[in-house]
Structures are given as structure tokens and as C-alpha cells.
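Next, two complexes with subunit A in common: one pairs it with subunit B, the other with subunit C.
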Partner chain A sequence: MTRVRRWLPGLLLVTPSIVAVAVFVYGLLGWNFTVAMTDRHDEISQGSFVGLENFTGLWDQERWGISVRHAIVFTVVFVGGALVLGWFLAFLMEKGVRGESGFRAIYLFPMAVSFIATGVVWRWLMNSGTGERAVGLNSLFHYLGLDVLQWQWFRDPDWGMAAMAIPAIWQMSGYVMALFLAGFRGVPDDLREAARVDGCGEWQVYRYIVLPMLRPVTLSALIILGHISLKVFDLIVAVSGKQIITDVPAIFMWTAVFDSHDPAKGATIASYIVLSVAVFVIPYLVWNARKGKRS
Partner chain B sequence: MRRRWLAAVAVSVAGLLTLTACGGSGDKAAGGGQSEQKKVEVFSWWTGPGEADGLKAMREIFEKGNPGFTFYDAAVAGGSGDQARALLASKLQANQPPDTFQGHAGAELQGYIKAGKLEPLNFLYDELKLKDVLPQELIDQISVQGQVYSVPVNIHRSNVLWFNPSVLKDAGISEAPKTIEEFIADLGKVKETGKIPLSIGSQWTAVHLLESVLLGSLGTDAYNQLWTANADWSGANVTKALENFKTILSYAGTPQEDWQPAAKQVADGEAAFNIMGDWAYGYFHNPAPGGLGKTSKTDFDWAASPGTDGTFMWLSDSFTLPKGAPNKDGAVAWLKVAASKEGQDAFNPKKGSIPARKDADKSLYQDYLAWDLEQWSSDKLAGSIQHGVVANDAWRTEINDAVGLFQQDQDVAKFQQALIAAAKNSGQ
Partner chain C sequence: MSVAQEAVRHAAPADRARQRAVVARWARLALLLIFVVVFLIPVYVLLVTSFKPLSEADPGQAWNLPKVWTAEAWTVAWEKLEPGIVNSVLLAVPGSLISAVLGSMNGYVLSKWRFPGADVVFTLFLFGMFIPYQGVMIPLVQLMVNLGEALNIDLYGGIPGLTLAHVVYGIPICTLIFRNYYVTIPDELIEASRVDGAGMLRTFWSIMLPVSGPAFAVVIIWQFTSMWNDFLFAVFLTAPSSWPTTVMLNNIAGAQTVPYSQQMAAAILASIPTMVVYVLLGRFFMRGLMAGALKG
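Presenting the complex of A and B:
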């Protein structure tokens, strides 16, 4: 009885959330995969099992290839940009800027803004009009006499998605900075001292002592940014709506479900998004679990 | 110890209650329609200014004529009905239809018709003699194997060329272009003056442009042929039309965010031409903040889009009768109001569209709408692509994708292949 008393209240406490997560996360996830494996190509019919046909068929569609390529370009530029910028900001803070807490708040603030609001502002800043019709950043370039820098931003057929990553970098680099700053602070001073005594230059201290010790922080940041990036939807809708020129899998899923009224195709795309995020998250979870055991 | 137990039980019970609450509310909403036989649930997406007023005007007529029924407004907000239609599909699938729902007349309803979710309305057309007052071509274009499934309430026109008279004058153009060739020549003339020849919005406005160019290049009969069983998308005439589309697009300015900023460029004298549906009239003409407060014929003017004079490319909102409607008599009473001259003349002046009936009271429709109404009663008819008349949702989305890809690579041959494939895949 006393044993039961020990674990039962705890179990009861977490039961509601276990049930909710089981139904609304894993249940619906499973349902999504079953729909993706049917030929339910309109909302009215029930659909029958077709295996992985939808998953292979998707690759024959030109639009899918484009949206995947866009997602990759966006992810590389966004994750890379936010990591580098966030690291650099944290580095400056660590070097002891006067009024550090003020700067920290300023860089963190964009995180409090929703992607929709960010998108609305940046849609104007990144207006693609050039020359006489320049607005936003293009007109700023004009006033600075830097007309050569004017370009089409997200309407550029090749590098539009890189431009699309700029607002995301703006929004998330402060958060990465906070992560890195905590990481920097976690490197014990005596370690650095020891390295200096052994004849390391300042650069070498960072290269061989601080950076390796930041690996867990970098990995966390990479996972967090990576999964945001692969699921990106709201930012792009706010900047350009549903257009092929800025298409990503989440937008494609939206048009498949709500414009084509094709649930099976939408579920297939959703499955691919989940799987691509899982590629990021699962190794991280495994690594975390192992580390937990070791310590 | 006991206190901890109590807390645990309380929290878990509260959690379970929230879970079941989600399921419970849905059942209640569904059951309501059946228990109260006198209620007529009218499902629409008319919640914006103008359209909601029009719906209210029709509702007043309905309630006056049918004291036994109460009108239940089940409108779901969201332009063009994206959200309303998602909710509707789930209701229909669960066999819990509203008594009547709004839909674009034409191919957009085909999915529902094929799945057997709609009742044919031929009996109503016979009873009200609607075949005499609606254009025969309209009835042909919304019929599926001889059956009609909806009652059109209003008509919008898609093929309208909006232009700025003073920009045209500066470019030495005396009147609106009549053919595609004249149009291309005029675009070149405007380009020399440094103004934007043709303003354009986001991707869907390019599809809207495409339907006018297809109609203008192919002619009405060949265009209408494209949506029938013996369609030929691979013909040389389609290639020529797509070449025209490419040439016209090459004169387009930087794409704007949506149709309004593109239309505004014409009103502001930055651009010469814009091809957009007649909802642009309200935007040009209405006072701020809803519109630009411009004067028609001086600040902006219109004509049939090039090569389409004498043809009315239409789209229409209509009401249907779902199978298993809980209150069928009430729904039929509503459809009678929606089909009546009185109902349509109450709704349309407020919505800024024209009635589908040919016998409407002409004095209610001024300026652009007077021109529109006149054309409606005399023109040949063709259905819109982008606005759900000739192509079902899957086909329309594929055409949208093809246009989006074409805007990037400008490859006419590939574009045509994509359109051929879209026609084949549509299953229409």
C-alpha cells in the first residue's frame, strides 16, 4: 500500500497530459501517415490503401522538387546565418561590452515578435521595386548611393530563398546569442588560464578550449533552428503568400489540402516534413539519452 | 499525504473534463439542426462589408415571406471561402450537412455532385420557370448530365481591361485595344513613355490574366471546348495563345503583393493597363478607406479585355440543396428567395455584382454595373478558370502551379505540356 501511495499520485498527475499527447500528437501523427498511404484524393471519398505510392509519386512533380530545394537553401542560409551572427554577438558580449544587459535585451527582443509580424514588416523592406520605384531597403540603398546593391530580394529566381532567410536570421540570432553566451560563461576561467600559461594565444584559447566546450550548445542551437526552418510557413505566407517563387513544403501542403482538396497528397507532404525534422531530432535525443546514462 | 492525493485526483479529473469537452461540443452543434425543425441553416462565407449587407437584405425578404421558418446564419469568415469550404467538407463527409450552402457555380461543385452529396434542382427550375429568365448558356455551363445542382444568385465578370485614360493619351493611344495584337502594340507604346505597360499582382492574378488571354486568342467556342471531353490542349492555337501570354507578361511591371496594389498603380497613373475582375470597380470607385474614391471614365476606364468583346467571362455564387438536409422545405424556401427577382435585386446592388436573371430592375445598377448588366444579357458566355467555373479544384491548382513555374522559366513548350497533363489528371 505504501508503495502504491508513492507512485500512484505522480502517475495520476501526469495521466491527463499523457492521454492528451497520446491522442493529439501521436494519434493524429499516426492518422496522418495512414491517410498518406491511401488514394483519398478528394474530401468526400474514403480512400483505399495504396502503400507508398504517394510518397514516390510526389518526386515526379516539378513543384515538389522546387519546394524541397527552396527549403534546403532557406535552411542552410538561415541556420548558418543565425549561428554565425549569434556566436559573433555572444563573443562581443563576452569580451565585455559596456551596458551588456541592455544590448542583450535589444538582441533578444525580436524573438518576442511573431513570424507573421516580422513577415509583414520585411515584405515592405524587401520590396522588389528597383530604380524609380524602389521602396524599403532598395530605396535606402539608393539614398546611400549604392544603387548597385538593389536587387529583387525574394523575387530573385535563384537566390530568393536566401533573401527570405534574412528576416528569420534577424529574428532568431538574438536567441542563439543567449544560448552561446550561457555556453561561454560555462567555460571555467581556470581552464583558460591554464591554456594561457601553456603558451596559447587568445585565438588558440578559443579554437582549442572554448569552441570544443561549446559543442553541446551548438548542437542544441542547430536542432532548434533546424526544425523551425524545415517547418517554416508563417513567415513565408506573410511575406509572399502562396506563390511558386517562394514555395516550401509547408506551403505546398497547404495548397494540396485547402486548394486542391487532396487530403492524401497533403498528408504525404506533412509526413515528409515530420520525417525531415525527425532526422534532426532523433539523433539528438539518442545522444542526450546516452549522455544522461553516462553521467 | 491525503492532501497530495486530493490534489492529484482534482488535477487529473480536470484534465479529463477538458478532453471530453472537445468531443462533447461537436455533438451538440450537430444535433441542434435536427431537433429544431423550423430552423434553416444557411452556410456561406459572406461576412465582409457589402456582401454581409446583401445577405442581410435577402434574409429580411426570406423572413417576411416565410414566418414559419427562422433563418440561421452559419457564415464562416475568410475571403473566397477557403476556411468555410474546409469546414463544409468535413460536415458533408460526416453526413451532417447544413440546409443549404454557398458554392461557386460550376466545376467547383463537381466533387460534391460526384460523391452524391447534392440534390438535383431541376424541379425547382421547372416550378419557378428559371429556364426562361436565366441565360440558356449559363444553364448549359452549370449542368452536369442534364441536371442542375445550384441556384446562381449573382454574377461577376472576369474579362475586364482596366486602364488609365491619361496614361493612354500620353502614349498616343486613342482607344482601348480591341484585339490581342493591338494590345501588344499598345503595351509597346506605353513602354516607350516609361510607364508600366501592364500592372500585375501575385501569382493568382497571372492565372486571371491567362484566362483572358486564352479567351481573347482562341475565341469563345475554342475556349469553351477546352473544358469539354473532346478538349485539345496540344493544338497550335493553344501554343499561339501561350506565346501571346508570354509576350504580354514580358510587358508586366514588378509583381505587386495582390490585386489591389496592382489596380492602384493604374488608378495612380503609374501603369496603363490591368486585367482584373469587376470587383476592381468597387475598389476604384468607393470612397476611402474601402476604396480609392476615383471618378470613373476620367481617373479610370474599362473595356472588355482584348479580343473578348461580345463574350462575358463569368463567375457566380450560388446556393445548393445537400442530400439529407435536416430542413428540406426550409432550404427550398430559401432557394426560392435566392432565385427570385426581388431577392437578387436586394442582394446584388449591395454586393457590387449583377443578378443572374435577365429581368432585373435596371435602374438599380449604375455606371459600371449598368454596362455589365447590358453585356450580361446580350453576350456569349464563357466560364472563368481561376474562379471555379470551368475547372475543378484539383485542375485549377495544377494550372496555378504551371503558371507559377512558367513565370520563372518562360518555357512555352513545357508550359503547354503541363497544361495538357493537368487536363488529363483532373478526372473531370
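Presenting the complex of A and C:
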């Protein structure tokens, strides 16, 4: 009884939050799945249960295929680009450089600004006009005599989504840099020194000592970038709006709700977005919890 | 003579190594500076364009400095954006404070006043940090409408509902930050307070809160920034009269009729509050960022 009296007040204090998370996170996720399994294709009817019909039916729609393909291209370019650029910036700064805090502040500041605000300028920078009509980055390339680099950016029919990833890389690579920098600094100096004494060159020290120790940081960065990428919404709204040429699942869902007034379809798309994130975040969290217990 | 030559011969490899180190250092610095220029290109365009008069604000001359500097675009942008900024302040200031209070209570209990199953609760909270909010949006709108009718307040469409959503979905990250901060406080302090007969709230008030300053700063900044910059919740949950800055800005920027100079001035105006926070309190901003990734 005394044991219960010891922990009960704590539980009571957290109860409002537990209830809120239970209802708003888990309850609503479940509710969303049930809406996705009905035929509520307008806002008036209650809809009846149709099982997974919406989930399979979505794949018959051309637009869904396009938006999934776009999401994949975006994710690969964005995650890869931010990871490589962030790592490279950290690598350049790792050994200490004059004015480090200034560099860090500049690479990181885009994180503090909304995609909606930066989208205003990126939309202009990535204007698709070329040749005589070149503006934005295309005209900068022209000034620099690099006309070959001019392209349609996000209006390119095949690789437009790769262009869309550029502002996202710009926004997030500073964050990745900060993560890696913390990772680099976490490698004990005596470990590197010991390897050097054993006759390792700088490259070998890096390859066999530093890189393996950066693995946990890399995993964290992958998870964070990945889940941002799969739900990307604001950036695309700001740069191109609802155009099909840059459609992704989150935009498709938005138009399903507000333009087609089809809750069941919106909920189905939303469910797919949740599932795509859950398949890698849940194993990560479980792994993390286990690791926490062991240490 | 020969002694001197000997000395030179010995010194040479060391010199070369030092020289190489110097070259490498300059190369690194040069590369970093190039990236600074690349990172600042969008800022340059924003600033330069926002100070141009209408006659110069066309994309063709956007790389040029203004021939005539004027703040007229800023005045117009401010007039258009002001209601949104007021709404954002009404949302983000109370919202981030409530988030911090909740987070500190949860973090305290989950680290120092644990109950059976506390770890499971914490892990279940963490998943809430990663869910794509699209997955709750449709039922959330419904819930807000129902709750608002039941309680007779306008939750759906208004600022209170938007604040509620941000506070609830902010619980996981705020709890995480506070928990990781409180873990570093020695258990002996809590035990001593318990032995002295202090209860849970008393211990929280007199032992934990006095040292919680940095964690409060981190959480308030984090929540303020994400509430200020949010777009998704705002488009789903608010009506035009309570649109925050981001939605207003998107409407201004999306309109073909609004000149570039005003769009860019509005974009800067919308970013000033979070930029000021970032410049003044960057240290705490960083810690919030890291909390999402590096645990413990």
C-alpha cells in the first residue's frame, strides 16, 4: 500500500497528458483508419464499411501512382543530398576552424524559418524560363557562362521532384551538420591517437575509427530526414501549389479533403503516409528503448 | 656547413607535413566560405527585392541591387500581414508556455517520480513525435467540431482549437526534452527531499523548478518556432479570421497580382520573430534540435 502511495501522485500528474496522447494520437489514428475503410465519399453520408477497398482502389488511380513516384524521387534526393552535404560541412569543420560558430549559425539559420517563407524566394529562384526568358538561377548560370546548367527545375517532367528537394536540402543540411559535428566531437582523441601510434594514416583513422562511431548519428539523421520527407507538404504548397507536376501524397490528400470533399479517400491517403513512416520509425523506437534498457 | 645541411635534410619532411596542413586548412576555409555564399543566395534575393520600387520588382532584374531604395513594399506587406502576425502571437506565446508547463511535469514524473509502466508510456509518447499529422487531420477536424459544440466554444476555426492541437501534439517532444534534462539531476536530491517529508509537488516546486531554466528555454523556443512556422494544422483547423502568419503569407505569395517586392518583404516579416529568437538564443535552439535526435 505504501508503495502505491509512493508512485500514485506521479501517475496522476501525468494522467492528463496520457489521456491527451491516447485520444489525439492513437485514438485519432485509429479513427482515421476506420474512415478509410468506409465509402464516405461525400461530407453528408455516414458511409458503410467496405474493408480495404479504398486501399486497393487507390492504386488504380493514375494520380496516386504519380504522387508515390514523386515522393520516392524527392525522398532519395533530399535524404541523400542533406546527408552528404551535412556530413561534408561537419567534416570540413571537424578539426576546428576560425569563426566556427559563425559558420554554424549561417548553415543552421534556414531551420528557424518556415518553408512557406523560403518557398517564396525558391519559387522565383527555380523559375523554369530558359534561354532568352531565363530568370532566377537560370539567369545566374547565364551570367556565369554556364548555360548548359539551365533547366526547367521543378517543372521538368521527369526530374522535377529532384529540384523540389533542393530547398529542402538547403533547409535541413545545417541540422545534419550539427548532428555529425556532435558525432565527430564524440570520438575520443586518445582513440585516434592510439590508432596513429599503431601506424594508421589519417585516412585509415577516419575509415576504421571515426566512421563506425558515426553510425548511430547517421541512423538518427536518416530517421529524421526520412519522416520529414514522406510527409512533405508546406514546401510544395509554397513553391508550386497544387500542380500535378509536383504532386505528392500529402498534397493529394489535401485536395481530396478540400477540393473533392472525399473524406474516405483523404483518410486512405493519410493512412498510407502513416504506414510509410511507421514501418521504419517503430523498429527504430523499439531498438532505442531496448538500447536504453541495456545501458 | 655540413651540419646545417644535415639539419635541413631532417627538417624537410616535418616542414612539408606542416605545409600540407596549412594548405588543407586554407582549402577547408575556402570551401566553407563558398558554402556560405551559396546558403545566403536566397537571403540576398529576398532582401534586395524587398527594397525595390514597383518599377524594378520584376524577375528579370532580381539579381541587381535596387537603383532606388524604398521601404514602400514593406509598408504594404505589413498592412496585409498584420492580422496574421497578431493571430500567430496569440497562438504561439500562450501555446509555448502551456507546452513547457506540461512538459516539465511529465518529464519530472517520468524521470524522478516513476510509476510502474513509465517506460512504456514514454515510448508510446515518443511515437507521437514522429507521426505524420496528416494521419489524424480528418478525424481531428471532426473532434474539434464536436468538442466545440459540446463545450460551446469555437474550437474549430478559431485560435483556441489550433493552440490545443499544437499543445497536445507537442507533448511528446516537450516531455522528451524535460525528461532528458531532469535525468542529469542526482537522485539523492530527490531522496533527501522525500526523507524530509516533502511530497511530489513540493519536491518539484523547491528542488526541480529552480534548476529548470535551461530546459524551459529550450522547450519554449522549440514550441514557439514550430507553432509560428506551422502551416498544415493551420490550413485544416482555422477559418480566415484566425489565419496565422504562414497561411496569410501563402495567400499573399500565391496571388499573381501581388508584386515580387511585397511578397519578399512579407516573407521576411513573417520570419523576423523566429530569426530574432534564433540569433539571440541560438544556443538553446540548438539543444532543442539535438533533443529530437540524440537521446540521453
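Quick note on the criterion: the second predicted complex is superposed on the first by the 291 of 295 C-alpha atoms of A that agree within 3 Å, B and C clash if a C-alpha of one lies under 4 Å from a C-alpha of the other, contacts with A are read in each partner's own complex, and residues count from 1 in each chain.
The rule is short, and it goes like this: a contact is a pair of C-beta atoms (placed from the backbone, for glycine too) under 8 Å apart; a residue touches a chain by one contact, two chains touch by 3 or more.
Note that the coordinates shown come from a computational prediction; the quantities given were computed from them, not determined experimentally.
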item	value
Partner chain(s) touched by A:Arg5 [first = subunit B, second = subunit C, both, neither]	first
Partner with the higher number of touched subunit A residues, subunit C or subunit B	C
Contacts of A:Asp259 with subunit B and subunit C, given as first, second, both or neither	first
First (subunit B), second (subunit C), both or neither touched by A:Ser17	both
Partner chain(s) touched by A:Val277 [first = subunit B, second = subunit C, both, neither]	second
Which superposed partner A:Asn288 touches (first subunit B, second subunit C, both, neither)	second
First, second, both or neither for A:Arg155, with subunit B first and subunit C second	first
Which of subunit B and subunit C A:Ser45 touches, first, second, both or neither	first
First (subunit B), second (subunit C), both or neither touched by A:Lys242	first
Which superposed partner A:Trp31 touches (first subunit B, second subunit C, both, neither)	second
Shared subunit A contacts, counted only where both subunit B and subunit C touch the same residue	8-10, 13, 16-17, 20, 123, 241, 257
Complex interface listing, subunit C residues touching subunit A	25, 28-29, 31-32, 35-36, 39-42, 45-46, 59-60, 62-63, 102, 105-106, 108-110, 113-116, 118-119, 121, 123-128, 130-140, 142-143, 165, 168-169, 171-172, 175, 199-201, 225, 228-232, 235-236, 246, 249-250, 253-254, 260, 263-264, 266-268, 270-271, 274-275, 277-279, 282, 285-286, 289-290, 292-296
Touching residues on subunit A, where the partner in the complex is subunit C	7-11, 13-14, 16-18, 20-21, 24-26, 28-29, 31-32, 35, 89, 92-93, 95, 97-98, 103, 105-125, 127, 135-136, 139-140, 143, 170, 174-175, 178-179, 182, 217, 220-221, 223-224, 227, 230-231, 233-234, 237-238, 241, 249-250, 253-254, 257, 263, 266-267, 269-271, 273-274, 277, 281-282, 285-286, 288-289, 292-293, 295
Subunit A residues touching subunit B - in the complex, by the definition given at the top	5, 8-10, 12-13, 15-17, 19-20, 23, 41-45, 62-63, 66, 123, 128-130, 133, 155, 157, 240-245, 247, 255-262
Sites on subunit B touched by subunit A in the complex	1, 4-5, 7-9, 11-12, 14-16, 18-19, 82, 85-86, 89-90, 92-93, 111-112, 114-115, 117, 202-203, 253-255, 257-258, 270, 393-394, 396-398, 400-401, 404-405, 407-408, 418
